[in-house]
Amino acid sequence: MCGIFGIFDHDEAANLTYLGLSSLQHRGQEATGIACINNDGTKMEVVKRGGLVAEGFGKEEIRRLKGKKAVGHVRYSTTGASIVRNAQPLYVNYRHGDLALVHNGNLLQSAKWRTTLEDKGAIFQSVSDTEILIHLMSRSDAKTLKDRVVDALSRVRGAYSLLFLGETGMVAARDPWGYRPLVIGKIDNSWVFSSETCAFSLINAQFVRSVEPGEVVLVNENGLQSFFPFKEHKNKAKCIFEHVYFARPDTNMFGHSVYKTRVRSGRILAREHSCEADLVIPVPDSGIAAAIGYAEKSKIPFAMGLIRSHYVGRTFIEPSQSIRSFGVKLKLSPVKDLLEGKRVVVVDDSLVRGTTSRKIMDMIREAGAKEIHLRIACPPVTHSCFYGIDTPTREELLASSKNNREIANFVHADTLGYLSKAGLLDSMGDKNPESIYCTACFDGNYPQSPSADLATNMPPSV
Amino acid sequence: MCGIFGIFDHDEAANLTYLGLSSLQHRGQEATGIACINNDGTKMEVVKRGGLVAEGFGKEEIRRLKGKKAVGHVRYSTTGASIVRNAQPLYVNYRHGDLALVHNGNLLQSAKWRTTLEDKGAIFQSVSDTEILIHLMSRSDAKTLKDRVVDALSRVRGAYSLLFLGETGMVAARDPWGYRPLVIGKIDNSWVFSSETCAFSLINAQFVRSVEPGEVVLVNENGLQSFFPFKEHKNKAKCIFEHVYFARPDTNMFGHSVYKTRVRSGRILAREHSCEADLVIPVPDSGIAAAIGYAEKSKIPFAMGLIRSHYVGRTFIEPSQSIRSFGVKLKLSPVKDLLEGKRVVVVDDSLVRGTTSRKIMDMIREAGAKEIHLRIACPPVTHSCFYGIDTPTREELLASSKNNREIANFVHADTLGYLSKAGLLDSMGDKNPESIYCTACFDGNYPQSPSADLATNMPPSV
Amino acid sequence: MCGIFGIFDHDEAANLTYLGLSSLQHRGQEATGIACINNDGTKMEVVKRGGLVAEGFGKEEIRRLKGKKAVGHVRYSTTGASIVRNAQPLYVNYRHGDLALVHNGNLLQSAKWRTTLEDKGAIFQSVSDTEILIHLMSRSDAKTLKDRVVDALSRVRGAYSLLFLGETGMVAARDPWGYRPLVIGKIDNSWVFSSETCAFSLINAQFVRSVEPGEVVLVNENGLQSFFPFKEHKNKAKCIFEHVYFARPDTNMFGHSVYKTRVRSGRILAREHSCEADLVIPVPDSGIAAAIGYAEKSKIPFAMGLIRSHYVGRTFIEPSQSIRSFGVKLKLSPVKDLLEGKRVVVVDDSLVRGTTSRKIMDMIREAGAKEIHLRIACPPVTHSCFYGIDTPTREELLASSKNNREIANFVHADTLGYLSKAGLLDSMGDKNPESIYCTACFDGNYPQSPSADLATNMPPSV
Amino acid sequence: MCGIFGIFDHDEAANLTYLGLSSLQHRGQEATGIACINNDGTKMEVVKRGGLVAEGFGKEEIRRLKGKKAVGHVRYSTTGASIVRNAQPLYVNYRHGDLALVHNGNLLQSAKWRTTLEDKGAIFQSVSDTEILIHLMSRSDAKTLKDRVVDALSRVRGAYSLLFLGETGMVAARDPWGYRPLVIGKIDNSWVFSSETCAFSLINAQFVRSVEPGEVVLVNENGLQSFFPFKEHKNKAKCIFEHVYFARPDTNMFGHSVYKTRVRSGRILAREHSCEADLVIPVPDSGIAAAIGYAEKSKIPFAMGLIRSHYVGRTFIEPSQSIRSFGVKLKLSPVKDLLEGKRVVVVDDSLVRGTTSRKIMDMIREAGAKEIHLRIACPPVTHSCFYGIDTPTREELLASSKNNREIANFVHADTLGYLSKAGLLDSMGDKNPESIYCTACFDGNYPQSPSADLATNMPPSV
């Protein structure tokens, strides 16, 4: 998962991109980068760092990014060690000048594309699938930045929300299925783009609308223009897991308040898996809204039985003697006085590998809880994602091979209840949600087959 | 405010002190330090840094602190710029060898003591009041570390929870009024001391008991011994503001769960200042427990209407154009979809200067709230603290000169309700709480007069 | 100017490259980088930094470069601010796997090549001319790394000493004119390459021989093989300015001891421009050897009248009040007791812009020297270099527009004498030196015209 | 050994102290510090760092040192690990306000003094002998800063050049024997003090005169006043080893040019230990001047056969395989082309432990030298210094137990010749030099006995 941000024609482009990325930090903590083009459009500066936005960049570095147009990126994880090399924005200098690109999503068949391009002499800076797009644009005969973007995108398949920064303008694009979010805002008289609306809050930008699935948006000195160059589908495949886990609760995504859908999911979860208990406690922070919903519906009192530390989280000290659940304790502490002798419902947003959950259950029990009833505000995750979420391989997914009872045993819970797929779709509050959302990670029903051998459709000039 | 931690005779003394201080980080973010004595008791190493524990120390630095006995400190704030010079542990080499000292609290009449000692030739490293104690110990005729501590403490007045690390042992002491907390724990076979029990949770130490008001505890190779060398009072003056604001909710302080007293205070607040509203929302994190109590009692739904950012908080970027409430937005974001058109009760733990509250009220209103009813889970803060909390001067205390209506106007709330002093004392759940807790910041009833001209009682050898 | 280093099949490849680059640091202080390929040849790691080798890399960073094959680079200067982006090694992943490249020299017609390649869809990471070679290699039909190198090099013109590190081996190449140095050494059983022999000294490698002008050397598991794939010229154009200024005096370059040629140049200079004086003093360090030669021949005593500081050199403090010659004083201090009242011959290696020389003359005069006779151990620099030395444009070259008298006035010397071109060539000790060395910067006699419109000779596959 | 610097009443006090310390860096590389008092004399800031001046301080840090009076220090070495704690300036706040102190030298009987003071209740921050002076000043009844300095100094013995910075002025003092240097300069209208004149060169200060042995100089708003409060001796004991090794050659110390005395010592050395050889080569940089003298006198050509690296010197990389003489090679490289087959005279300033010399001899021989004749420009060092130079214990001094032949064998030289004591004294160019200079390290003739049991003479108020 990644977060992207862009701003066009603002005096504080680099500053606001820095702040916007900070607000999107929950979407990626591994690496970050900003590209900024100077005011006469002739020189682009790119800075990239491993780690968090607030740690990665120096004050001087941001100050040096002079110019009114910028795009930025936060990255969740990369296989392999070359963190900075695979960080974005990708930058190149090609025959149309400087170009920077940020991407949230995942292109299908990227290995095949890469081979095909390399056979034509293409050379790559990174191992990222995103770089394919630049090569397709470079080889395109199209005359404008926007047309080169459209040409390149028309040849590939997969999930993408993209921002391109060139010398003549900025282009935003979202794939026709609409897997990943991308929104448009306005600050002063400048257009801004962001993966989530929460970034607009911080900088006081006004949310305008979403980039639509299949839409390509061009911003240049003439303002903002919208294009729908791709063949339309009826069905969309917006990632429902964004609402379950990734998005910040203060974001409005796909037209819905993330906080509210989570509260609703908690209410439905309480209906589907009721329970005799003394307290409902969330796993903070992502389980809080669902737990509030669960508590409301079940009439069991809500309590913050686990405290999330604001400071301890990151430390290089690992005591040599074993401290049970140490890794989890750095982030969460149980309120013993509250849990002692109690039957507790623990509400979490999702359960993927189960290893952290087990440590949390152990910690709660050690703090004195008599019974632990784990409730998960989404269905069992049984399938890998090929559209941009770094879910583990199927083998590592707890629910791909274990039944409910086995999972409860594995995580040391007394009982376990998952929200049903119907319940989750219901919590979104749409009509016909199955034709709007991708639920492949819960049901293996992939909108675009990741394994079919797609023809790689090369540009004419190659 | 400060946090102190000590550990005696453990193979991982420096590591565990580092982790313990991390858990106490909420008690002081300005500076931190650790002193560690090597195993043959002949060399003490001290490291001090400005900033957070996790940022201040390098891995190598902690590794170099070899030895099984250590004390550490986190510091809230110092007037003046010389942050590291005033950081603790204070370290000296005197005729009885190396000595390190950490202090939470505040000695009265420190300026007068200083002058008196300087007139006798004493020289000071820092501007801290704590250094007085070292001079008194150095001039004492007492034969042991513990007796020198007792001799020095018998001459001064004020608030202190202290840990002394010398070549022959560790001494913990708490003033007879018991203003500041200090607890004893055990890990493996080693004794540990901490300002709060939450530090024991992280390192899996067992909470044993509090150091009692007026108690001096000696730990050496013979184990732990307890002394009560000072004349006893009947009344105590434990700082009730620790429960209101400072302590972490998972701490058990003065025999009570901080989380539970806060929930109770919220319930009483709901009774004292009920309200017609749609939602109860806390100012996270310190207002959460009281808001849960308020919601329970008032039957108004609880909601996390403000999201606390885990990443944005610290940034060097200050946009040059004004973004309204920017400072607050770096930490908190409103959930607009939730607040829009709603009448909300906002619950906060306390209200001191009011400047931050005003920004929060503005932010909530900007997010669409129709009415804002601010409820504060403690009485108006009208008096400065002389026992270790860095409250502003009376002039800066909002409630020292304004009435309830004026304060509501100042912070831009529609209505404002403070918990009464009786309600706060009630929330502690003790009998005769007025003889147990210090409420001077609410009523000006100072247990020890800060202004009386106390005789400075010098040691005989001076 | 740059320095390059490579090592093939050694357990300490990254460590020794680090040390080798440190020895070549005088050839470039702006940026540095190392590429290392892991042992199964499947992953290449690249680290690049602005600044010095010893400051740029962290210990951990070098440790992570596991693998037995590495190349490295130090860079003198880049126009523009994106120091790290233009640092080398250049790294790409292309259809033949990973490839890293380091270059000392300068390709001619690089702008034209770039345009031609971009028109074929090529995209560039940097503004460096070197990147052209990678695109030509990527588009080559040749089957092996060595043949791709030869194919690419056969299409370009200019000055290059190059090292290529691919998955199947390392290739070293030197252009047919032999402008830039490149030598082969052996350490244990591993082959090493370096711009100068001084890097071999530090790591105890044995100097084996030079890579010859026009030679391409392949090292792989079968050992070292030599190829001469290019049409031969009779004449060579080895850069004589390497001997004058760039190389370290303990290096043996182009078959000659740099120290000795400098001493010889000083002797000839004394013969050509004798002088009545009390002392011969060098501008340290590069003028020392020539000054020794001058003193020997002239019988005027040699003295270290200027002391080079080992510490002050680099500082961020610039006093706000003006200190005359401050910039020079940070590096050099006059020995006043020695200079007072004396007639001094000051010997420097070269005179390019003259601004530093003027400050040095002023400083010496301020220290009390009665007469200053400046002697330069090379001819007037009148023409820019297009083969890899970053000489200024002709306009900035002091000697391009001023005569000897005007230059003496400009630098505040009483008299000025330049070594003649014949004298300089003579100091090399070769027969027919004019057919061996490039002296274009002194006479404008360019071996390959930088301005002729060369046909860009594209590979067949493009 | 240490270096001290002070400046009184200059707008750029901190900047110039930073630069002055940079010029004195050769006197101490372990730690450095600056104290600066603000303009109303009420607040003193102190910064201290391990390592070099240019690395230790940040730009911001120096900027924060506002105020027109400053003192600074560079420190050579401290036993024990607490580098920063023992760094200077020592700073205290005592009854007369803030006081900072920098010291070059060594007090005798410091352990005894410390015990005596501690028995009176004194507490120490560091293990340095210098801190004794502050306690004595603090306990003094004297009314002014200068008188407190005099009072304190009248009670102790040993070697000291000192600068005191208090709220009312600056005091400079030099012990009656005059072991360590201290000079007075003027810049604009401000007084400056420095261990060596070379610091004045960099900042364009004018050298005025030395602080005389036994002189106490007070600078305050009334200007500079001189006092000679101590009983005078006839004999002085200026450290001749300063001229041999410590001082920078561009310094004028004790009235003599360091460069010139070294050249003279080389000439005398050539007379005392002549030799058949092809080349005279110095061990740079400290052996250069003596080698020039040797070459002049012996008529053997002078050559820079060893090149000192400006970059390699400091590295964290230690190859795991052994590289012979690696440590020395990081600093020095032999010019093989010069040394091959030659008989060389190697001139070094001194020979203390011999371990580095041996590596240098090995390196020269490995580079092809046929014969090595080592010549040392001072007598054998046979006794430890108690006056401020960190010579090893007698056991570690090569010459304390080995004769000339054994030492030659130990360092792998073919022949070895030391300058005689008479020759060294002669090179100073004074009449009766034996009553002016301390030569204890060569002859054990200690001006003040370090072992006699001196009475500790306490101030009346203690």
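Order of writing sets the chain letters: A, B, C and D. Residues in each chain are counted from 1.
Throughout what follows, a contact is a pair of C-beta atoms (placed from the backbone, for glycine too) under 8 Å apart; a residue touches a chain by one contact, two chains touch by 3 or more.
Note that this is a predicted model, so its numbers are computed, not measured.
S.K.: Treat touching chains as neighbours: how many steps, at the fewest, connect chain B to chain C?
M.R.: Minimal hop count between chain B and chain C: 2.
S.K.: Sort the other chains by how far their Cα centres are from that of chain D and give me the top one.
M.R.: Relative to chain D, the chain whose C-alpha centre sits farthest away is A.
S.K.: Approximately how many whole Å separate the CA-defined centres of chain B and chain D?
M.R.: That gives a centre separation of 48 Å.
S.K.: Could you put a whole-Å number on the gap between the CA centroids of chain A and chain D?
M.R.: Distance between chain centres, rounded to whole Å: 61 Å.
S.K.: Rounded to the nearest whole Å, what is the centre-to-centre distance of chain A and chain B, using the mean of the C-alpha atoms as each centre?
M.R.: 38
S.K.: Find every residue in chain A that makes contact with two or more other chains and list them.
M.R.: Within chain A, no residue touches at least two other chains.
S.K.: Report the complete set of touching chain pairs.
M.R.: A-B, A-C, B-D, C-D
S.K.: In their shared complex, at which residues does chain A touch chain C?
M.R.: For this pair, the touching residues of chain A are 43, 45-46, 64, 80-82, 85, 91-95, 115, 118-127, 134-135, 138-139, 461-462.
S.K.: Quick check on the complex: what are the chain D residues that touch chain C?
M.R.: Interface residues on chain D, with respect to chain C: 11-12, 15-16, 18-19, 22-23, 25-26, 29, 52-54, 59, 62, 188, 198, 201-204, 248-250, 252, 257, 259-260, 263, 285, 288-289, 292, 296, 301-304, 307-312, 314-317, 319-321, 323-324, 329-330, 333-338.
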